[in-house]
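In the two complexes below, chain A is the common chain; its partner is chain B in one and chain C in the other.
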Partner chain A sequence: MGKFGFTISKGRQIDYDSNDRSIAAYIFEREPSFRLCIECGGCSATCTTGNLTKFSLRELNILIKRGENDQVRESIGKCMLCGKCTLVCPRGVNTRNIVSLAKKAFQLTDGYAI
Partner chain B sequence: MNIEGKKAIWKDYQKEIADDKYYYVRSCVRQNFFPGSETAFLKIMREELKKDVYEHPCHTSCSGIGYHSDIVPVETTMTIVARQFAIMTEAGYENLLPSCITSFGLYTEILDTWHHFPEIEEKIRVQLKKATGREFNKPKNLAHASDVIYKFRKEIAAKAKFKLINKNTGEPLKVVDHIGCHYAKMFPSKGVGGAEYPFVLTGMIEEWGGQIIDYPERRHCCGFGFRQYLVQANRGFSIACSKEKFESMKPYKPDMIITNCPGCPMFLDRWQYVINEMEGKRYGQNGEGIPVFTYEEVAGLVLGYNPWDLGLQMHQTDCEPVLDKIGIEYSPEDKYNTKINVEYSKNHNLINV
Partner chain C sequence: MSKHVVVIGGGVAGLEAAGRLSKVGFEVSLLEKEDKTGGHLNNWYKLFPDRRSSSEVNEYLDRISINGQVKLLTNTTIEKFSRNKTNLTILTNNGEELVADAVIVATGFDLFKSSRKEEYGYGIYDNVITSAELEEMFWKNNIALVNGKEPEKIGIVHCVGSRDEKVGNLYCSKLCCVTAVKQAIEIREYLPESKVFCFYMDMRMGGAYYEELYREAQEKWGVSFIRGKVSEAGESFDNKLVIKVEDTLAGRPLKMELDMLVLMAGMEMSEGGKKIAALGGLNTGENKFFAAADHHFGSNVSNVEGVFYAGTCTAPMNITETISHARAAVSEVMEYLKDDRK
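The block that comes next holds the complex of A and B.
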C-alpha cells in the first residue's frame, strides 16, 4: 500500500439496504413491546452498568433496529440482566427480554454464545 | 425515474447566457491540473464559433481558493473581484466569462451581496479607488464557460467529427456528469437546470451522442472541499467522498466522467489512482479506471482535436479506453513528446495503461 500520510475515512452513513436487520426481526417477532420504545433513555439512566461503563441500553436498542450488529455484539455482553431498566420503562417495554433475545439471536447466527 | 417530469422541471431553470463579446477570466488552479482545457476552450470559441473572447494579461486569481480555505477575508476578496470588474470595464466588455466554478460562485455571491447590501459595494468601490485608482461597472451578464459551451452545443455538434458512440457496438457511451458544487448549489437560479437537475453537462452529452447515467450519489461533492484536501490530516474525508461516488456509479458501468469544475476532474482522476494504490480497487469495466474529462476536452475530442493537444496525457487515469471506443486515432509515441521534441516527464503507476 502506498504511503500518502492519510487513509480513506470510513463512511458513517447508515445503509439500511445493506445492513442485516435479521436480529431486530427476530426480537420484534418474539417481543412485540420492542416496538413501543420511544428512545427516552430511562433505561440507560437507571442502568448500573451504564453508570460504570460506556454501555447504553438506549443506544443498543437503536443499533439493533438499524442493523448495526457489530457494535451490538461488542457491548451487549456488558448487560447483567438485573432488570432495573424494565422497572423504569414508561412504555412498559420488556427491555430485559430484548437483551436476552438478542443474545439468543446472535448465538443462533454466530454459532456461539456472547 | 420519470424522465418527462425531469425535463419539464429543467425547462423552468434556464438562464440568460450572452451571445458574444466575452471577457474571459482564467482559473488559478486549472492551468496546473489540466492545462490543455482553457487553451482548447479559447480555440473552440475563437476559431470554431468565431466569438470575441477577450483575455487581459493583468487579471489575477479571484482569490476564491483563499476565501473558501478561510485564509483571505471576504472584503479583500471583494476588492480583488472589483479589480477584475475594473479591468473588464476598461477593456470595454460587459459579459464576464469565468473559467472556474468557484470563481463563478464567488462572483455570483458577491454580486448578490452587493444587491442586498449596497453599502458594502460602496465601501469596496472606495477601497479599490484608494488601492488602485480604478473604478468599475458590474457585469451585465455572468455565465460560466460551461454555460457558453452548453449554449453553443448544437453548433459544436454540427461541426463534430466524432460522436460519443461506441464504434464497436453502436451504443451511446454511458457518461457520468459531475457538476461543481459552486455552480448551482449556492444559487440554484444561476445555473442551467438549478441545483437538483443541472442540465449544463447533460445537454452537451445528449447533443453529442452520449447517454447520461442517473445514479444515487450523482449530486454528491467530489470531495475537494478546499480544507478537506488542503489540510493533509483531512484528506481521508476528501477521498472518502470520491470513493462514495465511485461505489455508487460502478454498477451502472460508466465509460467516462465529464465535469465542469477545476477541482472535480482533478480529484475524481487522482483519487482513483490513490484508491487503487491503497486498496487495489478500480471502478471501470474490465479492471480499468473510469477516465475523467473536462467539458472542453470532450468538446475538443468531438471536434476531432489531437488528444495530446488537449492535454489528455496529464490524466492519471488514462483516457485511451474512451478514445478507442469512440474510434479517435492517436499516436502513442507522441503522448509525451512536445512539439519542440522535448519529452514530458511521465506519470508513474498510471491506471489503464
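The block that comes next holds the complex of A and C.
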C-alpha cells in the first residue's frame, strides 16, 4: 500500500506529566532562587545574546521548569555567562548560576557537554 | 479632666484619627513636621478610581480635625519619646513637653527615591520624572518636557522601588498600578494626540473600581500595556529616551523611543517613622514599616502600651483603607482609656 503522505504530528501541548523535570530538580536543589522567578523579563531585556539571537533567559527558565528539555538543549549554549541578567533581576534570581547548573545537569544526563 | 491623646503625623490617617478622637471628647494634640497638614494628599491632584479632586478629601479632613478642637502643632518633630508607668512623654523640637495617656503614630510613608534605581536614569536624563512630579504638572495644568514642548510618546514604569530585591523592598506598594492607569488616562485626556505605554510585571487592580478603570484606559483612552520589567533607560543621539524591556508575552526583547518616562515610585516607611521607632522602641517588620501586634486583629496595636498605629506607617494603603484604619485606631484608644475616662 502506498504512503498517503500523512504523518501524525506531535502535539503542541506541554505534556506536564510525562515530561522529565530532573534538570529542574537538580537546579532547585542547588540554586533555590530558581523558584523566585516572576517572569518579568528583566533578564531577557538586558541580555546581549537575547537582543541579537533567538534566546530568552526568561523562557529558558520556564522551559526547564516544565521539562521541555529539548528546547533548552538547543539554546542554552548561546549564553555567554556575562551575568547582566543576575544584576537586573528584581527577585534576586541567580540566573547565571542556573545556566551553569543546567549545563552541568545536561552533561550528567546526556553524558556529554553542551 | 479628659484624657490627652497625641497623634503624630498630620496626613490622612493622623487628621482622621485626631478629628474622631476629639469628637468623642478626648483632648487631642496633633503633631505635624511640615508647616501644614495634609501630607502626600497635598501633592496629588486627582484621586483614583473616580478622579475626584484631592482637595475635597483634604477639606473633609480639615473640617473634622483642625477646624475643631484639635490642638495642632506644625513644624514639630519629636526628640524624645518615652513611656513610664502611667503615661507617655514626648519632647518636641520646640522644647515642648507633652504628656499623653495614649499616642497614635500616623507617620505615613515616603515615596521611594527614584534615583536609587539608577538604571532608569532619574536625575541623569531630562524628562525622566516620578509619578509625584507628574501630579505637579497636572496641578499646573502643563504637561511638558524640559524644553517646553509637549511629549508625544510617554512611558510609564510600574514597580519602581517595589517588588525589587535590589533595593531591599520585597513588597508590593499596591497603589502604583492603579496610579499608573489613572495617570495614563489623565495624560491622554490632557494630550489627546499622545501615546501612552505602561510597562508592568503584573497588573494589580485589587480595589473597588480599579479593574474598571484599567478597562477604561484600554477601551476609551487607547493606553497600551506591555508586560515586562524595564531593564534600563538610555538616551539616543537625538536626545530621545530609549528603554529596553522584554515584551514577555511576545517573547522578544523590545526597545522603544520615548519623549517622557514616568516612574511609579513605591511607598517606603517614612524617615520620620524610623526615627520614632528608634526613640520609642517600637518594633518594625522586615518591610521596615511598623510591625503591628497582630496582622489580622491587632493591626493598630504596637508593642508599647498605649501606643497605637494608624495608616500607611504600617503598610501601603489607599485613602479609603487609611481612613478606616485610623478609625480603628481611635476605637483601640477608646477601649484602652475607657476604665477611668470622664
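Note that the second predicted complex is superposed on the first by the 109 of 114 C-alpha atoms of A that agree within 3 Å, B and C clash if a C-alpha of one lies under 4 Å from a C-alpha of the other, contacts with A are read in each partner's own complex, and residues count from 1 in each chain.
Just so it is clear, a residue touches a chain if its C-beta (ideal position, glycine included) is under 8 Å from a C-beta of that chain, and two chains touch if they have at least 3 such contacts.
Please read these numbers as outputs of a predicted model, since none were measured by experiment.
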item: Chain B versus chain C, judged by how many residues of chain A each one touches; value: C
item: Contacts of A:I8 with chain B and chain C, given as first, second, both or neither; value: first
item: Chain B versus chain C as contact partner of A:G41, first or second or both or neither; value: second
item: Sites on chain A touched by chain B in the complex; value: 1-2, 4-11, 13
item: Chain C-touching residues of chain A, taken from the complex the two chains share; value: 38-47, 50-51, 56, 58-59, 88-92
item: Contacting residues of chain B [partner chain A, same complex]; value: 232-233, 235-237, 239-240, 243-244, 274-275, 277-279
item: Chain C to chain A touching residues, read off their complex; value: 119, 159, 163-166, 201-202, 227-232, 244-248, 251-254
